[in-house]
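Take a look at these structures.
In the two assemblies presented below, subunit A is common to both, partnered first by subunit B and then by subunit C.
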Partner chain A sequence: MSGLLDIKNLEVGFGAVTAIKGISLSLYRGTRMGIVGESGSGKSTLGLATLGLLPDFARCSGEVLFDGTALHWDNDMAMAGVRGSRIGFVHQDPMGAFSPVHTIGTHLTRAYLSAHPGASKADATKAAVDRLDEVEITDAKSRLRHYPHEYSGGMRQRVMIAAALIGNPELLIADEPTTALDVTTQAAVLRVMNDVIEARGMGLILITHDLGVVAEICSEVAVMYHGELIQHVPVDQIHEKAHPYTEALLKARPRPGMRGERLPTIAELLPEGWSDV
Partner chain B sequence: MFELRNVSKTFHKRGVFGQTLSETHAVQDISLNLEKGKTIGVIGESGSGKSTLARIALRMIDADAGQVLFDGQDISALRGKALKPFRQQVQPVFQDSAGALDPRLTIEQTLIEPLVLRGSIDASEFRDRITASMTSVDLPHDYLERRPMELSGGQRQRIGIARALLMEPRVLVLDEPVSALDVSVQAQILNLLLDLQEQKGLSFIFVGHDLSVAEFFCDDILVMYLGEAKEFEDSRILFQDPKSDYAKQLIASMPRVL
Partner chain C sequence: MTSLILSRLVSSFIALLGAALVAFVALRLAPGDAARLTLGAFATDEAVAALRSEMGLDQSILTQFYVYIRDFFTGDWGRSYALGEPVRSLLGQRFPATLELGLYAFCMAFVSALVLALWGAHRKGPISDGVPKALGVLALGVPQFWFGLVLLIVGFEMTGLFPGPAGRLPATVTPPAGPTGMYTVDALLHGDLKTFATALHHLFLPALALGLLPFGFLYRLLRANLEDVSGAPFALVARAHGQSRLRVMVATLLPNAIIPMLTASGLIFGQLLAGSVLVERVYNWPGAGMLVTQGVLQQDYAVVQVFILLSAVIYIVTNLIVDIVAASIDPRLAKGGA
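Moving on to the complex of A and B:
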């Protein structure tokens, strides 16, 4: 059975470092997968590789199929038809993602026009307003004239989701979308993201270091460690079938009622010699 | 032992002619009293004034109103040399360990600098102090030859703590000490700080935005919002039974524990 996204034996290296060591993973339509791992686990590289956004010096092998068709990363024309219109991308830093000299309206209408070549400007503006409404930005019409810096961090992140949705993609890849946000803002952005994904029946890949965020909106969790996929289970079964590293990751977080204790560290929790994987 | 009494700080945004354009009440009438061996957490979101409060406690900036007291002595008016004993007793540890360390200096040079500034100790004592502080943060001594960029984030944060400990302080002001670290490293640093607190009877002011870390790490917690204290409570009680609306909202926003 082929999924919406099938990653087959993907390997990515930078110079002497192998960032991803042969990963195979399938995401089915309507599934929300959280990819978690610590720094250097290769989780962000996985998202970027899927969209062919890695720098030229990266070595890639293996393949990624979207809806049964292999993605050709070196073919810019072909990838342009995928990025935005079939797979939307949201990343951590919305300030870096938007150009400070263009209004939000310009960003959104351009994104629309590149996904719908030949559409009219009025259509693009209408789509931009609709998408801002969808991510619950109030007074969307006048908000189009504002610049990125005039938005708060949480609003910018919602605008980035709106921009990712404007091409009507079937899959959203979000790389640490709420990491830079305060907790209350994070909760609001996750709720909006959740509602949008559910209403559209989209697939989601949420890349994060925070298992709590995965618990909020994902149905599946894939755990990465040093470039390998070590576990892939439904979120509610994470404890039943936890891999030692996943278990360690879960236990290293402080939880209620632990005041005065010491946290178990991952090195202590892992079986002897395991970290050499 | 260490007390902030009704401190306030307002930042003014001024125009070209020095006229006030807008005012930000970063900290409004906040008091806290830190006892030996205890940890007070200051939590809040961006713009809550929690870091400003930490900087007032460190005397990095001056409060507009209120007092900073150490051992019952009002040190808010002290300057220069008179402030030196206080500076030794109350030491900072910052979030950005890469930014807090000079990239050109080796770790050894980084650690020697405060000792030289402090003066009145001889070269052999330098060695002992540095050796002791490296041992207390569990770092091997050959790291002294390295430069900050050759260390991982967790190791750099250990150096930040070692440097603070050199002065044999009684209070550490920890401004988001683990926010930039992975969970596994975060656990190690939190454990290290708790061990040091136990061994040396240190008191901590912990500034952070991660509520579960604060609940785990602090005895009492001050919840701040837009410069105001919304609630001050024992950490266990705060998380079980928050009284203020803002604290309730904050706690309800915490991601689910898996």
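Moving on to the complex of A and C:
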């Protein structure tokens, strides 16, 4: 059986660097997968490669099938039909992800009209208000006229989720959606994201370096290290069959009761010679 | 927005007074006696003194300044002592010619810079991006009068496609009588398409010669800004929403990149009006440039003062419009006030 998203032997390089070294991965409908790894492990690149949004100088090989059909990254019009309306995307930077000279309403209605060509402006506005309600932005109708700089970071991140949902996609790729937010706001944004995904039965790829978030939201976890997929297991089994690197990652998390101690680092936790991969 | 416009109007008025003061003082400080220059070396001292008092030069400097400002706003622009004609009628004929030439040059520069920068940023090929980039560099380095001559040699002498340096209209065509003094506009207002086409034909080469430099400047500015904003996260996110590359370029990136180009446009347009004298010379264009250059050389105060103030007014009004347009594009500018 083929999944909602099948990544087959994907390889991505930038110049002399190979960011992703032949990854194969399947995500089934309704599955929520967390992709974890250190900075530079290639997890964000994986998300962008799927959407065909890597910079022009990136070299991609391999294949990504969405719902059984191969994605043609170099065909911008074909990809535009997939982005937004089949795969939604949430960017990690709520400050930079909105054009400062356009209202929130413009961002949302443009996203809606790209996914529903031929729909009326009124439909788009209605959808925008509904999605803002869904992510718990109060007084949505009048807030459409506001500019991004009039929103707080947490609100902007919720608006970004609303914009990603407005095309009614089957899969959401969220690239570190809460990294730029403070802890309380993080929790609120994650809860909203979790709720809307559950309500819609959408698939989720959550790219993060926060294992706690993965444990809360995801059903599966994929661990990446230096462009390779090291482990891919259901989230409740991560402790049982942990790969040495995954184990090291888990041990590197701060825990209550560790006050005053130094956090273990990955290098000292890994078995001898392991990082030479 | 209203507060922005109000504060801009106030600062515009102050800038105008400043320009008037500078024009006034600079001309008074220039060596030489205007009355003596007008009458020549053989005039009697009595005649010179009589002219000085007629020109108001024997009054205190403050009174002269007051009279100068008052007369400008009441429309009494004085008389050119070198040419013996009222400044109003002199500039009334000449200034629209310069304005029309400047407008066409500016529009050609702006539109082509806009289109080529968008095209190059969208399709980064050697032809779509490389050729305009090289052209942009060239445009900044080529002297206007030289380019004007080259255009004349190619467009008139070699191919005969365009009229020679014969001014705004051939002698056989009567200029349209009209409110603006700009022949293409007046011809259109009278529905005279034939004169419109002829006037346009005469405008093309000088406008091209004058517009090359602003084109290079505006093109490079917009192209660089488009490159900057195309790396912004919002460009990526807009595409992730399903908008095509081209649509993102025009609808999202352009409004973010165009504001410096608009600001520069305001400055450039003012410069085009004041600095078209070389091109006017090459094409025998009966504009204000020649008149004013003569005026400066002969210390013809009235002409020069009025021209400086007129340029200042246009400069300030253009920049006021630019500020308002920029603020309507970027809400943060409207908030910022001053």
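Definition applied: the second predicted complex is superposed on the first by the 274 of 277 C-alpha atoms of A that agree within 3 Å, B and C clash if a C-alpha of one lies under 4 Å from a C-alpha of the other, contacts with A are read in each partner's own complex, and residues count from 1 in each chain.
Everything that follows uses one rule, which is that contacts are C-beta pairs under 8 Å (C-beta built on N, C-alpha and C of every residue); 3 or more make two chains touch, one makes a residue touch a chain.
Note that the structure is predicted; figures quoted are calculated from it, not measured.
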Touched partner set for A:A78, first subunit B, second subunit C, both or neither: neither
Partner chain(s) touched by A:A58 [first = subunit B, second = subunit C, both, neither]: neither
Touching partner for A:A248 - first (subunit B), second (subunit C), both, neither: first
Contacts of A:Q186 with subunit B and subunit C, given as first, second, both or neither: first
Subunit B versus subunit C as contact partner of A:L211, first or second or both or neither: first
First (subunit B), second (subunit C), both or neither touched by A:H91: second
Contacts of A:S114 with subunit B and subunit C, given as first, second, both or neither: second
Interfacial residue positions of subunit C with respect to subunit A in the complex: 124, 232-234, 236-245, 247, 251-252, 255-256, 329-332
Residue numbers on subunit B that touch subunit A, as the complex places them: 45-46, 153, 182-184, 186-188, 190-191, 194-195, 209, 211-213, 215-217, 219, 235-236, 239, 249-250, 252-258
Partner subunit C, residues of subunit A touching it in the complex: 48, 51, 53, 56, 76-77, 80-85, 88-89, 91, 93, 96-102, 107, 110-111, 114-115, 147, 149, 160, 163-164, 167
Residue ranges of subunit A in contact with subunit B within the complex: 38-39, 153, 182-187, 209-216, 235, 238-239, 248-250, 252-259, 262-267
